[in-house]
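So that you can tell them apart, the chains are marked A, B, C and D in the order they are listed, and the count of residues begins at 1 in each.
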Amino acid sequence: MDRLNIGVIGTGLIGRLHAQHLSSRIPAARLAAICDTNPVAAAECLAVCNVEALPVFEDYQKVLSDPAIEAVAICTPGEIHGEMIEAAAAAGKHIFCEKPIDYDLPRADRALAAVERAGVKLQIGFNRRFDANFRHVKEAISAGAIGRPHTLHIVSRDPVQDEAEPPADLFLDTTIHDLDMARFLTGSEVTTIYAIGGHMGVPHSADAPDTAVITLRFANGVIATIENSRRSVYGYDQRLEAFGSEGAISVGNESPHQTIVSNRDGVLSSLPLAFFRERYADSYVAEMSAFARCVIEDSKPLVTGMGGRTALVLALAARRACLEERSIAL
Amino acid sequence: MDRLNIGVIGTGLIGRLHAQHLSSRIPAARLAAICDTNPVAAAECLAVCNVEALPVFEDYQKVLSDPAIEAVAICTPGEIHGEMIEAAAAAGKHIFCEKPIDYDLPRADRALAAVERAGVKLQIGFNRRFDANFRHVKEAISAGAIGRPHTLHIVSRDPVQDEAEPPADLFLDTTIHDLDMARFLTGSEVTTIYAIGGHMGVPHSADAPDTAVITLRFANGVIATIENSRRSVYGYDQRLEAFGSEGAISVGNESPHQTIVSNRDGVLSSLPLAFFRERYADSYVAEMSAFARCVIEDSKPLVTGMGGRTALVLALAARRACLEERSIAL
Amino acid sequence: MDRLNIGVIGTGLIGRLHAQHLSSRIPAARLAAICDTNPVAAAECLAVCNVEALPVFEDYQKVLSDPAIEAVAICTPGEIHGEMIEAAAAAGKHIFCEKPIDYDLPRADRALAAVERAGVKLQIGFNRRFDANFRHVKEAISAGAIGRPHTLHIVSRDPVQDEAEPPADLFLDTTIHDLDMARFLTGSEVTTIYAIGGHMGVPHSADAPDTAVITLRFANGVIATIENSRRSVYGYDQRLEAFGSEGAISVGNESPHQTIVSNRDGVLSSLPLAFFRERYADSYVAEMSAFARCVIEDSKPLVTGMGGRTALVLALAARRACLEERSIAL
Amino acid sequence: MDRLNIGVIGTGLIGRLHAQHLSSRIPAARLAAICDTNPVAAAECLAVCNVEALPVFEDYQKVLSDPAIEAVAICTPGEIHGEMIEAAAAAGKHIFCEKPIDYDLPRADRALAAVERAGVKLQIGFNRRFDANFRHVKEAISAGAIGRPHTLHIVSRDPVQDEAEPPADLFLDTTIHDLDMARFLTGSEVTTIYAIGGHMGVPHSADAPDTAVITLRFANGVIATIENSRRSVYGYDQRLEAFGSEGAISVGNESPHQTIVSNRDGVLSSLPLAFFRERYADSYVAEMSAFARCVIEDSKPLVTGMGGRTALVLALAARRACLEERSIAL
């Protein structure tokens, strides 16, 4: 097996992205099928892939029963992730699953048990771990660049989106990435979580939080804060800073160009890359390559199913802490 | 009265600084006397002032009874601030007092009552309000540059100091500046405070917190975080970022020069200005000028006694929240 | 014709790069053959391309006589560019040719005449015109962002290379890119050229210039300077600044990450991307896509054969000006 | 003599600045008199100085004959500098003279001869040598931070000024500063000079150059370029970069604050400090302090009369090179 045959299930924004990458940019894998209950979406996805011909399915069970397909990339809505992981594992397929592992902890646990029984690989889609910036920070911290870490501050703001659509849950959809990043960078587990938030946008029927500040204490003493917003008018803001006994390391935004204009009004630099597809383009390729390689080489994924479960536990705790305005011990 | 005659009480680091400024850089004031229980300190202070001759006292009551002195700058240790304010007010002197207003709330209240009775001016030494950077942020926010503010993040780290000396209280000495800044920039009052911290430095008999993260909710909805440390090996780190419905505004560190070296090891910029005397040099001149002008013009100080009291209340609450690891409603 | 079949002639560093791109990243083209007099180089090139099978030739005349091949990418040494363009044009192939068009003006002229006679497309490989940064500058200047341009300063430094290999000519190999960029950005033609340079590296048998400063006056009044070096220890340095009646616009280096470390030694940022393959990766894809599209759509290339000739004329003049230490009128 | 008594001759912009500094910020000196043929200007100058009383003269010979005055600061128009230096030296006064030493070389030479005869100190006002940024660059180069210097690029742009006033000569007024800086930083002498320039502003009766690029070759092999303009709409632009065998060092502009606003339009930083009084404020204090100290300590000025003469020779050569569009050997 020199290239892993992967079927993509779900061809929304993120599924289409993975299908495109599998069709041209991942030498260790091959796009083996795409699947969507909506044939129009599947056709649109096919059109942007660099392939001559490809099996297209409406029913994901067909993907699971196809012996030519060795692995699946689950890119469907979060509430059916657990169920699909369970079924894919039972069918003996290796699994890449987008985050979150599920919105529901018992379903996530059933999925993990099925994976364990089947002995297949499971990698959760925390793509930011594969970003060149955050990898560099991880390596620098491991190499002692800032000594013993004391604090970590993550700024993670989404651009303002169309208010018409009911937004996904801030904690389970956005914060969960940052919680995983905090675990990744500190190399430790959260012992206490505090959150405070609110709906800062225009009044909305749902009034779900669109802004939150989460404070975490880790077992190794690090104190981390995460600042989330969905109301950034200047685009996608993805920065962080870790501070320790020997210094600090920070990550700034990536921009489409390094052009600076000076005129009567000031000195103007470029806005950051617009949103996740632009900012994390390379990290999506890298995570899928890593998944294919860990199946081929029978190694452990960088982001495990248990890692996905822990991030879910933290996100659920953050949501409760915010609702109840108190700190929660884990 | 074209120049206000000011006597400086206490000639430690900060008293000496104010005395120097009053002797040469503040057209609206005149250094009228210096006072210290330690005559050596007073002599050292006199030596660095740009004056030919000057009354020097050991007993501050002598300053208060000198009719040529119209105002005092109290630069003694914090635990006697309240008592000195009270005495100075009773003597009819206008008062500039270094922060905090006192470490003890009842003493602060007696001081404020005395000031009220005497009808004298009282300005507390929150010098950062007079810094060009933070003033610019305040003006920009007021002018709508970021729309309605949602969040504020203040990073305020002191350089590592000699461990031998027992450090002042983190919350009452350092955080109190940032609490005042948060009030200044949000233009609102704190309703909830949460704090988490620890002693990150080498084990120490005192083990008082040298690191803390404080989270504030303001009446106007703004969520603010303050990240304090006394363990910065790269020097004095004084930054902040405010984020709102129309954008974000941030303040970076000031450096001694804008020189950048590129060599095999990377691209190297200057460390920030070393500590408060360098970083806030101009703000100390500006606050003292403003104090002199508000006496001369009979206007209200930018930093009032009540403002000093509120900052003290918040610092005490932050200290308790940190100790008890919970959020406190105010 | 929905995808242009292109044969790559010459599989050195740059030929391999184009072959790789044609095999996976350029939807408007298809890698149709590779050709190298050295079969080992050709085999190595094939190994890094994302193709199952591919015709491989040793003799480039075989490429020209293959009716399935519609266009060629000439990536051989510069002194045979002219001859190959001539032959390819005679064979009715569209031509993408790496810079320079040739090292010799009469050969370049014969090549251009052949292209004219055959009516095929010819695009010269000034890839930097396709870089996101420089495109943005061009568009900004055209949109009036800096008003009427007054001056332009280009810094273009190559990393220190192995001294053992005889280096290519500084003016014909490196400066020629910058001369083309200056023409591109000013939208005007050079009337006077002055150059001064020297061999700054360790003494060397050749002692050819490794450093030069070129000054250009353009017909529209703009004064441009180009600062070239082949002795940069901190890597590839590619910046520029244009200044005009309404402001200035500058391009900084691109870096592999936006990470900054602050420690006792200073504030350390990343070095720029290492060399042309990293820095201009996307521009190579963009120029080849543009070439394929201009053949398919029968439109004019952004970088014409005449543009390639003009850059050669300027590079030759710069070399002579440097040798004779004087300014030359064109 | 613990404080040097200095009389300021000429109370225009720059004379007033020096008088102010001498009255309050220079411990080694004392403002002993001011002098201006225009009594209104002298009175305005007196009003902004921090002094109670001060001799004010109309005739500068009165300053020279006052035995209480030990030194003079000549701040009159450039064409009478030489004559005044000559007279002051004859009167035995130490001399600080604003740049240029004169506009006329024979007058400069007579002045230097008089200084030599009288054995007094003469320091020319190349204040930028005392700027923290450029001093840091000088020290870094001397310490080997960039190895052997290869090239130097100076950007020196003045803000757009009122067109009504006939501007001073670009080369003798502006470029002369940069020529001195180039000598200071390379520590070598110019062997060849080339200049190209033009009038880029709105057509003007004078049509004197407002823009120029000067190229210098130094005896030690360094190639330097100076880019001058008087048409900067974004303010005073004062940057440079030196490049050498071990790296590069650059100086960016200084700004009034480090505030950055991100909104829909981009990421906006502050304009540089407005003009020379703001940008070089501290350097004016430092140069006058240094002058006073070198008289008191009988040491050699950092900027000598011969240095002032050499800069004049270079500025005159640059002007001729620009006019004749050729390079000139020195």
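Basically, contacts are C-beta pairs under 8 Å (C-beta built on N, C-alpha and C of every residue); 3 or more make two chains touch, one makes a residue touch a chain.
It should be emphasised that the depicted structure is a prediction, and the values quoted were computed from it without experimental measurement.
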| item | value |
| --- | --- |
| Shared interface numbering between subunit C and subunit A [over half = same, under half = different] | same |
| Identity of the chain that, by mean CA position, is farthest from subunit B | C |
| Subunit A and subunit C, separation of their C-alpha mean positions in angstrom | 38 |
| Rounded Å distance between subunit A and subunit D, as computed from the means of their C-alpha atoms | 58 |
| Inter-chain centre distance, subunit C versus subunit D - centres from mean C-alpha coordinates, in Å | 43 |
| Per-residue multi-chain contacts in subunit D, two or more chains | 233-234, 237, 246-248, 262-264 |
| Subunit C-facing residues of subunit A, complex | 24-25, 27, 50, 132-133, 136-137, 140, 145-146, 246-254, 256-264 |
| In the complex with subunit D, residue positions of subunit A that touch it | 233-234, 237, 262-271 |
| Touching residues (chain side subunit A, partner subunit B) in the complex | 147-148, 150-151, 153, 155, 157, 192, 194, 196-198, 200-201, 211, 213, 215, 217, 221, 223, 225, 227, 229, 231-234, 237, 241, 243, 245-248, 325-327 |
